[in-house]
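Once you scroll down, you'll see the structures, which are given as structure tokens.
Across the two complexes that follow, chain A remains constant while its partner is chain B and subsequently chain C.
Moving on to the complex of A and B:
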């Protein structure tokens, strides 16, 4: 830099960075480290202050059946939402990318759930799932089936939450596919037409492989969302019945703010941080960074 | 040859089926929202009773507004989102400028440390961040809700990209004209990064308008509660409010963002695209 002397640019650089650095250290780096430390201490009470207890919290966690339950719920939740919403997102993008009549409306209809808060979405869907008087049961009863307590039955509650989440997220992923499709060379399609290959064949052999970087990008984001997004549980199920729909972050919230055990909550947060670190590493090694982070 | 013709036709003539499919999917996708409109604008006895000529009413909205202070919640959200956006713009611009144009010592490590926040967002660390806020006595304040998000790794990242692609010659020229560090930033870099600011702004507004978990933990009174938290408290099933009123309250809470989305659809969608690809 011409006007900043070599020594000054360090000072200017750090000065410019200072506000961001203070905030990031206070609310990201420091709490991450504090979480690790707190997980080795016991919960403090009126008569007994917090003290170092080594891995006791971790031992308790490994023996906590609810911990394992929420961890597997998170796994099923991710497996239930991600492939379906990706498949729907690709279909939506392919449909909207062609000039169909009403393209603008179609795009808006697919995308709208994305800009709604999860809490509003849950409010709307809660009524669909309500036994007897809810919309789904009314329709089922109308065509001669009996109703079902979708959110009250441990066997159906996670599925019900998954369906709602797919509805909320597919349109968001669609726009990334749409952007990718618009950058695919048109000649490929022309060539395939001349070759006489079917559209199905063209999709699986040409389009889908070319969309792979987008799929990886969406996949990582979807996995992150499946760990970070628990808002709907506050309205729909509170994690119940019997923790059948509980997810890790919601369980952390419950431990910290309902059971007032911040140290156990920290222990659980360490697990969440470890999972996020694994995702970050996968992203680093899997994603072709040149494509998305140019 | 016939086979080839058949396939060529399959490219051209499957359109009809596709149009039907696309529209069915769109109707299915929009129907939960249409349903919320139906319930909100009709008396509660029509909540599941779809009669074309059911009387239309605004009573549910009036009832929702009388049961909970949604206007105050709306104001809180507006203050929160505005304050956040303004501070994010300043904090992220400075940091991005440092990363893009000053080769300072420790730059790479500092940048990696910033990127950590892309993964570990403040709501992951609710336990520790809450006790930090308590130490700062910022619990139950709008500033407290916004503070952890004011430095945004995402914003720093996007703006750094934009600043890096600004031609250095423009900066040289501005320097010759006598601009200092801030002058160059304000006259050269910021104007050229306008599309990025717009994209980041829209993403940030929609994100914080809709954010729930952290505001729920921090806010504790009518004066600080944003719309999402107010709605969450309002719609709790045990409170036994009826569906038409919940739907009306839900629509009230999403209306401002929804209307802006419908008005500026293209900008919204492009912003989300931009934020993912660049």
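Moving on to the complex of A and C:
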């Protein structure tokens, strides 16, 4: 580019930035700030317009038993899905990374849950879980157990959603682990083999540490996913029974669009954002230091 | 005797015979070089000895024990890989003692062995570095230290110097040779570089297409190559091999040979000899390599220092018939001199 005057250079710079800036501001920054502001206002109704009420929404939230319930549900959901799906993903990746007959088919089979639309997945599992005529109950009855209303029982509904989520996510995470495994030089394993290292020892001493960058990436994705889950709840449980399977984002949705209380929904959203920010920072600062990047 | 012996090794990949009936013996405390062009099966043989591959047929003996089906860890071998195979997330210390930890060597002994191995290869100041913070030569030293620290009588090396630059290669070649002798290792060393083979080997196993072309001491291979292939693979520049047509005019031979071989340094410029045209001159300082044309044959001549000839000029060359090598139509040696 010809050397332009300093003023022109500023204009060029801004012109180049503008498209991205518009998108970011319109769809990320502005909504975030607007949400933050809304959380300090009261719900408007036909007779009373919205007005500033300070932290009242937050006080109400702390008093709201359902909020605490969905928060803990979310915690259990994250604890139930993340370690399990990562462990299964690594195991599957290790399995299909070896040369074995039907390798391509197996890889595809593991990945299939990921490419299915979420609503379809939920419908499939709805059939699995249906009392009496569902797949699981039919198998159970076939071997002599009585059936169970998996999604109707507050004690089993969250577990049922967790199982389905693990099934869906493990295959997705496997792809990342498989890619990472294929980048590990084969000689490392051979060098270890010559020393008599067992597969188990080699995995924990070499493979797993070298997979850590992938694990961090997967972990962040898994945490985000565990807070983002909405679609499955629509089809499967609608958060019920008695909020036993309700998660934070679905509760926000309910407040905004079922109870028409956007201000309380904003308050919950601010909490969700703060939570995610804290988790992301923790992951980066605590884990990143211990990770070896090549 | 902790030598290595292989008998009739065969390794097949599908229809391709990578190793085709290879047998040789490497005596204790000697350095055997497996030499050959790429794809000749030399690395596969090394991996068969290490136990990283298993042969279709044939046997591997280490220390007179048949280890053909043993686990790699039980063959008392150490190995240096072409890529060094260092663990990128572990520092130099942990890389070197990785095997000792696996084998549960007590920590006091571990420290002592680490110390002596690191000193031997000059790494004692770099023990807390990660491989990424080391130069190519230093990484090579870590790989060497890892082989030394294992205290195994047999050491296998798979093209260990091919990733280094020329100067470092000469340096490491000397160092590996020194270590091999001072530790009295039985070393099997794979390379495609004939200079490495000539300068280090007690014994060269020359391979071609998965078969042994010739076995012997470097001088033996150089002085009486068993085939045209062996003759041209060893020595730079390679041996001149002339076809029968020109042989008739060039050599007063009584025996019928199809190809005549003569080393470039055995040819002299002389006043009365065969006239040839100078096609190119490579001046190398201590010596000069002339490329000559005789009808459609090319001839390489190595002479001392600077020369007064110039390109396009006609020169006469001569040689002692005793320095000629005769080969038959299949490229096999016929007899010693003519």
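Throughout what follows, the second predicted complex is superposed on the first by the 273 of 294 C-alpha atoms of A that agree within 3 Å, B and C clash if a C-alpha of one lies under 4 Å from a C-alpha of the other, contacts with A are read in each partner's own complex, and residues count from 1 in each chain.
Please note the rule applied: contacts are C-beta pairs under 8 Å (C-beta built on N, C-alpha and C of every residue); 3 or more make two chains touch, one makes a residue touch a chain.
This one's a predicted model, so the numbers in the text were calculated from it and none came from an experiment.
Enquirer: Quick one: is A:191 in contact with chain B, with chain C, with both, or with neither? Answer first, second, both or neither.
Expert: second
Enquirer: For A:110, select first, second, both or neither according to whether it touches chain B, chain C, the two together, or no partner.
Expert: First partner only, chain B.
Enquirer: In the superposed arrangement, does A:80 touch chain B (first), chain C (second), both or neither?
Expert: neither
Enquirer: Name the contact category of A:135: first (chain B only), second (chain C only), both, or neither.
Expert: The answer is first: A:135 touches chain B but not chain C.
Enquirer: In the superposed model, does chain B or chain C contact more residues of chain A?
Expert: Tallying touched residues of chain A, the top partner is B.
Enquirer: Could you look at A:210 and tell me whether it touches chain B, chain C, both or neither (first, second, both, neither)?
Expert: In the superposition, A:210 contacts chain C only.
Enquirer: Residues of chain A that sit at the chain B interface in one complex and at the chain C interface in the other, please.
Expert: Comparing the two interfaces on chain A, one with chain B and one with chain C, the shared residues are 193, 196-197, 292, 294.
Enquirer: Residues of chain A touching chain C in their complex?
Expert: For this pair, the touching residues of chain A are 185, 187-188, 190-197, 201, 205-206, 209-210, 292, 294.
Enquirer: Quick one: in the complex, what on chain C touches chain A?
Expert: Within the complex, chain C contacts chain A at residues 50-52, 71-74, 77-79, 81, 83, 85, 87-89, 98-99, 102-103, 130, 132, 146, 150.
Enquirer: So in the complex, which bits of chain B are touching chain A?
Expert: Answer in residue numbers: 3-5, 7-8, 10-11, 14-15, 18-19, 21-23, 25-27, 29-30, 32-33, 35-36, 39, 47-48, 90-92, 94-95, 97-99, 101-105, 107, 110, 113-114, 116-117, 119-132, 147-148, 150-151, 153, 156, 161, 172, 175, 181, 206, 209-213, 216-217, 227-228, 231-232, 235-237, 243, 246-247, 249-250, 253-254, 257-258, 261-262, 265, 268-269, 272-273, 276-278.
Enquirer: Using the touch definition up top, name the residues of chain A that touch chain B in the complex.
Expert: Interface residues on chain A, with respect to chain B: 1-4, 9-14, 16-17, 19-24, 26-32, 34-35, 38, 91-92, 95-96, 98, 100-102, 104-128, 133, 135, 138, 167, 170-172, 175-176, 178-179, 193, 196-199, 217, 224, 228, 230-231, 234-235, 249, 252-253, 256-257, 262, 265-266, 269, 272-273, 276-277, 279-280, 292, 294.
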